[in-house]
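Here the chain labels run A, B, C and D in written order, and each chain numbers its own residues starting at 1.
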């Protein structure tokens, strides 16, 4: 009998999650007795994810690995799943502690927070104004990263964060918000967009405004979506962890838990070729460092994800 | 000029001017001609869509599927371009305009031949069109690097000082204006919405007129689909999600009566510009992003209230004495 | 008198018996559809016919259906309320705010219902007081109400609802019957009686068919409409309590897009979007149909958007088929 | 003589009704044919078939001897058939000129509408029908009579050989009616074939050359007007003798019931004072647009007066809504049946009981048996023709709808009833029934206000008459001193001949 592991994503059709699914399928093949159910709502809403989770509970899957649209709202549904014997973990975007056995961070939030501001600062030896273009005001991970970024801001002399705006992960809104930033801050030197939708829109807006070379767009993005903008020069570099590895690792951890491993502070869970993850006091663990892409390597990765 | 614009429209023009100057007080750069041109350019797509919605609303119908139609056509345009980068862009545009009109004609046919209420039809096709994008692509995105440079460049290309996008919307305004004021079909839109019963007696085919209005709104949505996708250089299932409400709001602010029969091209354009100015201004005058939604809601409510006031029947005056006053 | 009415004609009360009319009604068509979907679901997935699974599935529609009952009345009266989802958000935000100020569960219920009623009153005043078209007003308040919760909450979330508050969205009355489902059933009965058995319900139909004539006939049109918007506000408040309790947290984006699903449910239930006709049993059936479709597709892991295509097609075809059928029959008859 | 249009064996059914069965009708150039029949006899249905709005189930239409079909209103117009319909079917939001030319507007050489020419042509046409209206103003700014003149101008904007008029004078007053007669004479002289539908016999005998009578969807007689008398026509129409149309009985008039003093409104009316006594029928006469309906509606709380007081049986009353008026025992039967009276979409019995639900229900819950009983009683007394009480009022003919509307307010058992044009558009048999009922009610002590623009009705039924002109009372007459001339003079504001 195959073990059923559900990979629940924020929304179907997002390149990042499609890549994670690739990794999950790779893990399933490697494990042999696992069937991965790749599912999620069509729009990034908590209610949509709850409906999906309810139908997974009904199907009596063995494990659910979820990237949550809302930290808290999924908790009751996931608790119910755990009561019915389903192993629940979160990955990428976490749920509150009561709603899962463990959470797999793609990387550690402090590392990411530091990375995004460092990417901007590296291009600005003399400092200057930078602005943040985030996703929705409610997305968990962006908010944590921005918080972490602000903690280490002091380490980068002359870097001045002038604004944080929200593009809601909508291309047109992000575009317009970027236009607004360019307007309001004539001395803007960099835009940090820690979201794969936002960074693309921001780069496009910078190109359309004729500001290539003056404003550098950086943050977190997918190589395939950013390759064109790196080539156009609107983005010098950006970072992302490898989503394939993330999907792979989440599946492996879920399998380990089904097999009887226990998720408790200090425990080490197996992640196949990615090694192991060590859980902290919050039952959270980090997979790996974010990886930086620039003109030298982006083309190569654009073919993969 | 005064003859061209009705009372309500003059009011709107004044409101827009006041708004622009209020913004300029906090951010002087906003009134720079280049910036105003940019705001217009940013509003062009909304204007094109509002023109189509206006025609539909005039016939006492509504098209909730416009944004979904836009998304589907935009996706198809992107797919054509990604698969056959060699196809000339005007041909791509022609194809999606035709596709949009065809999708609009589905709405039109259901309303015409089966007499299903428009709001139900377009509520249904709204989900169906979006779903079709998902079925076409399996949810995958089409990104900038998959589109040809020519595809992305067209709306931005400058032409006598303005981007082609702006010019396209100006052409659309002129064409729809002539259609509405100088052709029998355009007048039929007003007649059908003003009094569908009487339209039958006048020899106007009510269903067919509505069908044509839906074809127009569909075709314009198709055009907007290409423009949207090429401008933002990305296509996915959810582009312009919820935009149908902006389009309707623009029409309502522009004084187009939701009950049909009353409205004008000027109103649709001004209503769109009003929304466009607000949308563009909020980020630059540093209003909390969280307040934007509440502000646009309030604006819509004020706009209908004001419109209702100016539309309010003066009342038939019977007393001779009162007439003189 | 007598000599004038030489041949007073006796007009029968009814030509068709109530039974034969019920048989030809929309509701019986929906019932057939519902039974079909139930049968197909039972075949398609081994997990469908499980009491607990079916019970879980009811959460797909109970909250929306409760709003749909009030919405049905609003639509029958010829109006519409598109702001219900935003009222849910604002009520939920108000409850979250109350929690931070130390409110207990009964207080939270009062706050949730109160906010709903208040929003309903705002809609009602704008629509009946100023005489504005409801579709536009509620598009406006839809942005306004949700916008207010964004202003209050920003990027924060309210959590930390008291444990006893969880009962409304997660509690069970008896065996597999959840509190929400029981509430749904009770409201189904209340609204059926209100619409079909009372003077108020008759007034709603009269307004929907001819508002001016209803006014001349002594129907207090403004008051009835105002009450209807209060009711949708109240039901949205109740739905908000259930949903907030079920999620255990509040964010301003809660219940996004629910208004279209509610309207779809009402229309699928046979309520004429133009006003003047429709029944509550129809809406109840439509709620079950939509819930079962969502759940059935979910069990097969079909993406939500495919379900919405299905609902879209269902919506149009359920309305179109009887029309086509009648046409075909007329053609045969000729 | 060859008919301009001939209908042969035309049939038309609606679900549950056979509106026309095997009727034939011929219209001759230069001649006016009157089409008469009870409400629901099928007259308007025939008009709609002749103008391409309805398709007949069977039968043929011949124009100038050639068989034709009219699939749309446009094709009938092209074949030279034009009509003034029973309802004014125009567009409030469009200009007068466009209303006249919609669908056949003059175009320039690019195929675009030529507005200048359009306005010019409209001005000429309006002058021809004798209406001084600026063609560029919006239709909604016109009074009801002028709107009807626009409808007439529209009918004449099509160069037609056949002109149909379905109750054209129902919405017109004295002056316009005379202009219309002259217009018909001119059309006749031009060789047009005219079909004229009316319930008013004086009109028919004034202008018609031939007549055709319909009963229950079939043709029961035709011939030359000069060969028949009114009584013969009525008998053909109704199938029996009608008796008196104005069965006025003398009732002992009692004490004042309703006292209105100092009623005024900033723009609609002022200085309205009168008393209404028990058992009295008080007529309100005036030209259309004199402000009678506006004033009556302010009595029941539709519009708010700016000053004035009402006393009912000596007690001061404040009425803010029709509901309060009904509760107090004052009811108003409105003139616009379609908009204010009938609730199309609801069955007959629910229409009748709507204002009386308090009485038929218990604690706010409906009691259907009571409703049917009440509806049955009142509809039978008014001789309603319907298949069942559960039938949608929308499927009734205009006249029968009017009966349902009257029944609706009578069923509330009021103290004062205001009837606004109660017999507008209803046939002579029904008229007699309504009048008889009115008399009977007065006899039982009810007080009646009857607003009417028909002089015979006012003279036949009223105990006292108040004439209104331009929002003011322009004359008061006792029954004994009533003459048609006095009424017309007061209403038009022409000084009494010295």
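The definition used in the following text is that a residue touches a chain if its C-beta (ideal position, glycine included) is under 8 Å from a C-beta of that chain, and two chains touch if they have at least 3 such contacts.
As the structure is a computational prediction, the values presented were derived from the model and not from experiment.
Visitor: Average the CA atoms of each chain to get its centre, and name the chain whose centre is farthest from that of subunit A.
Guide: D
Visitor: Taking contacts as defined above, which has more of them, C-D or B-D?
Guide: The greater number of contacts lies at C-D.
Visitor: Roughly how far is subunit B from subunit D, going centre to centre by Cα mean, in whole Å?
Guide: 43
Visitor: Which whole number of Å gives the spacing of the CA centres of subunit A and subunit B?
Guide: Distance between chain centres, rounded to whole Å: 35 Å.
Visitor: Between subunit A and subunit D, what is the gap in Å from one C-alpha centre to the other?
Guide: 73
Visitor: Using the touch rule from the top of the page, what residues of subunit C touch 2 or more other chains?
Guide: Those would be 150, 154-155, 252, 303, 305, 308.
Visitor: Pull out every residue in subunit A that's touching 2 or more other chains.
Guide: 12, 42-43, 137
Visitor: Under the stated touch criterion, can you name all the chain pairs that qualify?
Guide: A-B, A-C, B-C, B-D, C-D
Visitor: Contact residues on subunit B for subunit C in the complex?
Guide: 110, 114-117, 119-121, 123-128, 130-132, 134-135, 139, 237, 245, 248-249, 252, 258-259, 288, 290-301, 304-305, 308
Visitor: In the complex of these two chains, what residues of subunit D are touching subunit C?
Guide: Residues 240, 243, 247, 300, 302, 321-323, 325-327, 332, 334, 339-346, 349-350, 354-355, 357-358, 361, 364-366, 372, 376, 379-381, 383-391, 408, 412, 432-433, 436-437, 440 of subunit D touch subunit C in their complex.
Visitor: Could you please specify the touching residues of subunit C with respect to subunit A in the complex?
Guide: 45, 47, 50, 53, 56-57, 59-60, 150, 154-155, 157, 159, 166, 169-170, 243, 246-249, 251-257, 294-295, 298-299, 301, 303-305, 308
Visitor: Give every residue of subunit C touching subunit D within the complex, in rising order.
Guide: On the subunit C side, the touching residues are 1, 3-6, 8-16, 197-202, 205-206, 208-210, 212-220, 276-277.
Visitor: Quick one: which bits of subunit C touch subunit B in the complex? Just the residue numbers, please.
Guide: Subunit C residues touching subunit B: 126, 130-133, 135-137, 139-148, 150-151, 153-155, 252, 260, 263-264, 267, 272-274, 303, 305-306, 308-309, 311-313, 315-316, 319-320, 323-324.
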